[in-house]
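In the two complexes below, subunit A is the common chain; its partner is subunit B in one and subunit C in the other.
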Partner chain A sequence: MIAHAPILAIVVPLFAGFLTPVVSIVAKRFGVERARDWFVMGAAILMLLIVASMAPAVWRGEVLVYKLGGWSPPWGIVLAVDGLNLLVALIIASVVSLIAIYSVVYMERDSGLEKYYTLLMLVTAGCMGVTLTGDVFNLFVFFEIMSISSYALVAFRRNWDSVEAGIKYMIIGSLGTSFILLSITLMYGLVGSLNIADLAGKIEAIKATQPLPMIVPLMLTLFVVGFGIKIAMVPLHAWLPDAYQAAPSAVSALLSGATTTVGVYAMLRVSYMLFGALAIGTMFIILGLVTMVVGGLMALTQRDLKRLLAYSSISQMGYILLGVGFGTAMGIQGGLFHLLNNAIYKVLLFMCAGAIVYRVGTSNLDELGGLGKNMPITATLFIVGALAISGVPPFNGFASKWTIYVAGMEAGQPICTAIAVVMSALTLAYFLKAINSMFLGQQPEHLREVREAPLPMLFPMLVLAVFCVVLGILPSLGMDLVRPAQGAVMNQLGYIGSVMGAG
Partner chain B sequence: MSLNYIIAMLLFTLGIYCLLIKRNIVKMVIGLGVLTNGLHLFLISLGYREGGIAPILAGKMLENGATAEFAAAAVDPIPQALVLTSIVINVCTMALALSLAIYIYRHYGTLNPFKIRRLRG
Partner chain C sequence: MMEFGPGFWGPIVATAVMLFGVGIAYLLLLASRKYIAPKPSSEKLKTYGCGEEVKSEEMHVDSEQFYSPIRRAFKPFYKYVQPEHSGVLSTYLLWVIAGLIIVLIAVMLALR
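Coming up: the complex of A and B.
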């Protein structure tokens, strides 16, 4: 491990974000505008290396506790890295690195790019902060950094649709974060602490008293609503299709790959670690099923590629919630494996959509057709992603969905499993429709001259597609990757002991 | 003292009412501000103590036996730090929301959220 690795993983993107405009001005002065893009790419890859350097120690079973300013746990702010944080941090760092590479060409026609890169790095810093921190108010602050930067990113192009999507996302999102703040306030009033491990121990003691104070389920509900808005759980999903459709594709990829992953992480950390899964399994199962079904059915009727991907994104969140809700080791493992896979193929699909928008200028399925001849590589990569998300055998989606099905049967929930299988078939149906109307069929006259997407855009897509295939052929590799995370979710006492013992 | 909590709850409810009922984005943003201020009042009241002193440990406080007395009299400084942080975050949210509202008015010529519905599906 690099010394100070946990804090460096947050500080590197934060400083890189604010240095980008400076680098941009200097680069313009010397006539090398590309230097800015290389700087952002370098920062993202440096962050990935820092996070990866923590992996060996965490996978050995350690909880890395980093005391900020040397203050001991219950009083100071700590960063605590266990298996679960590490998995999420790895996902975020990889996704952001690939998006930084992708943005170089995809965003080049926009102006004000130094602001785009600043916001991109700020979202990253926010995601990293939420993931690595061991303090619940610190988590809220980083969550706000992530949210506010992502509102600005959605509205980045400032045309009518992105502004509309931005303000919707902003109002719903701010309401959600204020619920989180209210819950933290109640928690501080109840037990007088902000450290997650300390709080978990004290809430455990309160839960033992009979009857259970009503305030404990209330706090949990407020947290679930707040984080549920970020992962677009169904009654709270209204902002997501608009935001994903109107934002630039690179931003949609970032939102689906990084911020929703962070939302799921925060939900898991709070519900399993703080409240010790206070009868929450059934609620997650129900919410997961509703999310899965509504997202899938809405996706069927879409005529816009990015909107279709947005609804399928909601649907996939349902699988993760379902797997986690089963509460068994295998269910949580399946849910986390699906979280990893979802980040991989969802980012891939949004990048393919971006490649089509970049070359054709529209993502409306009615205006596309016959692009398979013009963009063979993009078509192949999109089909890989589509098959993976539908859970077709040699790809990674199958491995994680299968784990969730098996966990469902073992947990004695055959009906839930059956619904999940049917929804998986439905996923294949709407992706076949999308593939058919984009890459096959009659080619409109004006699309004759369309060329293949440029190489810097194809490269990150190719990397993700390779991951889709590798994790599909060797599912045990993916399982090994998520096993420490699953262990960490279920090891509440170990986390409390490690963090509190570090003082 | 309980007046603080009642007012905090009133502000919070008023904010939610604004967000749900008002048909003007600027008013909704104001509602969001009122709601957060209710939260801040709640948070700061948690750490308040009748006749308390500022939690600064200095001078005579450091003498023998005075620390227990200090701990019994001082207000809780953590909520104050939290509120300060939250106010800064709130200012950012407001600034971004109002600047988006300006763009909305330029594109749509209205601030009624029920008329700003061109994205559908």
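Coming up: the complex of A and C.
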């Protein structure tokens, strides 16, 4: 492991974000503007290497505890890395690295790119901070860094739609983060600690008393709703379609692949680790099903590709909630495997949408058609992503969805499983509509001269498509990645013991 | 190989079988092209509607109506839920409050 890896994984993107404007000025002075892009790409890849260096120790079963300033928990702030947050950190670092490569060409027509890259790095630092911290107030602070940078990125192009979407996202998102802060305040008032492991132990002791203080369910509710807004769980999802449609596709990919993943992580960490609340699994199952159905039915009628992908993102969150809601080892494995797969194919699909927008200038399905001849590689990659998200074998989506279905049957929930299977078919239906509208059929005159997307945009898409195939054909690789995370979710006492024992 | 209770899924074997099927289908397609080689004239490729030539731009299936039978099957959803996705911020905030109340009731029932 690289020395000080947990803190470096946060500090590298944070410092890279603040250094980007300086690098940009220097690069302009010397006439090498691309140096700024290379700098951000380098920072993202360095962060990925740092995170990956922690993997061997964590996969051996260790919980890496990093004490900031040498202060022992619960008095000082600690970073605690177990299987769950390592998986999420790996997803974030990989997604951001690929988006940094993709952005080099995709964003080249925009101005103010030093701001874009600064915000990209700040979102990344926020995501990493939320993921790796073992302190609940730190979690809130990094969650705010991530959220506020995301609002600005959604409004980056400063046209009417993006500013409106950014403001809506900001108002609803701020309400969510206010709920989280209120819950943290109530929790501190109740037990007098902010360390997650310490809190978990103390809340467990309080839960053993009868009757349970009214404030405990209220705290959990505020957390679930706060994080539920970030993952766009129905009925807290309304901000998402506008934001994903109006944002540049690279930003939509970042939001769907990184920030949503962080939202799911935070919800799992709080509800399962902090409150040990396997009992609220039924609530997750019901909300998961509602999210799945509403997202799917809304996606079916969309005219805009990015809006369709946005509703599809909501629908896929339903599968993840359903899997973890079953509360069994296989259900949580399936949910986390789907979280990993969702990050892969959703980023791929948004990148494909970006490639189309880059070449054609619109994502309106009614204005597209016959692009399969002009953009064969993009079309193939989109089809791979579409089949993967629809759960068609042999792609990765099938492996994770099937795990969730089997977990559902084993948990005695055949109706929930049947609804999930039907919604998977519906997913295939709306993606077939998108494929038909974009790549097949008659080609409008104005699309005759459209060319394939540039290579730097195709490369990250190709990498993601390869992952869709490899994790589908060799699902045991994905399961091996996910198993330590599932073990961490279910091992509350091990986490508490490791963190508090580090004192 | 992934094993689940009494069932299992062999992704490599399944992929090989699917690729074999795709190969056979492709060979059949190639073979059929030998005998039915379509060579339409440019006039035959034109599309007419009500006696007028329809341009390729105008021949797009409406994306919103693409699955109109499914829309009919889920009529209550599209009648009552879809219009609520109106883009009006105050409605969305009301949803958040409704969500808060629903989750609070669910959590209280679960943890009681």
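Going forward, the second predicted complex is superposed on the first by the 502 of 503 C-alpha atoms of A that agree within 3 Å, B and C clash if a C-alpha of one lies under 4 Å from a C-alpha of the other, contacts with A are read in each partner's own complex, and residues count from 1 in each chain.
One rule holds in what follows: a residue touches a chain if its C-beta (ideal position, glycine included) is under 8 Å from a C-beta of that chain, and two chains touch if they have at least 3 such contacts.
Here the structure is a predicted model, which is why all the values come from computation and not from measurement.
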Room on subunit A for both subunit B and subunit C (clash or fit): fit
Which of subunit B and subunit C A:L175 touches, first, second, both or neither: both
First, second, both or neither for A:I148, with subunit B first and subunit C second: first
Touching partner for A:A429 - first (subunit B), second (subunit C), both, neither: second
Touched partner set for A:G325, first subunit B, second subunit C, both or neither: neither
Touched partner set for A:R303, first subunit B, second subunit C, both or neither: both
First, second, both or neither for A:G335, with subunit B first and subunit C second: neither
First (subunit B), second (subunit C), both or neither touched by A:F137: first
Subunit B versus subunit C as contact partner of A:I473, first or second or both or neither: second
Comparison of subunit B and subunit C by subunit A residues contacted: C
First (subunit B), second (subunit C), both or neither touched by A:D242: both
Smallest separation in angstrom, by C-alpha atoms, between subunit B and subunit C in the superposition: 5
Subunit B/subunit C common contact set on subunit A: 167, 171, 175, 241-242, 301-303
Contacting residues of subunit A [partner subunit C, same complex]: 167-168, 171-172, 175-176, 179, 212, 216-218, 220-222, 224-225, 228-229, 233, 235-236, 238-239, 241-242, 277, 279-280, 282-283, 286-287, 294, 297-298, 300-303, 330, 365-367, 369-370, 393-394, 399, 402-403, 406, 410, 426, 429-430, 433, 436-437, 441-446, 472-476, 479
Partner subunit B, residues of subunit A touching it in the complex: 137, 141, 144, 148, 151-152, 155, 158-161, 163-167, 170-171, 174-175, 178, 181-182, 185, 188-189, 194, 241-242, 245-246, 301-304, 307
Subunit A partner contacts - residues on subunit C that touch it in the complex: 1-2, 4-5, 7, 9, 11-12, 14-15, 18, 55-57, 59-64, 66-67, 70-71, 74, 77-78, 81-82, 85, 87, 89, 91-93, 95-96, 98-100, 102-104, 106-108, 110-112
For the subunit B and subunit A complex, residues of the former touching the latter: 12, 16, 19, 25, 28-29, 32, 35-36, 39, 42-43, 46, 78-79, 82, 85-86, 89, 92-93, 96-97, 100-101, 103-104, 107-108, 116-119, 121
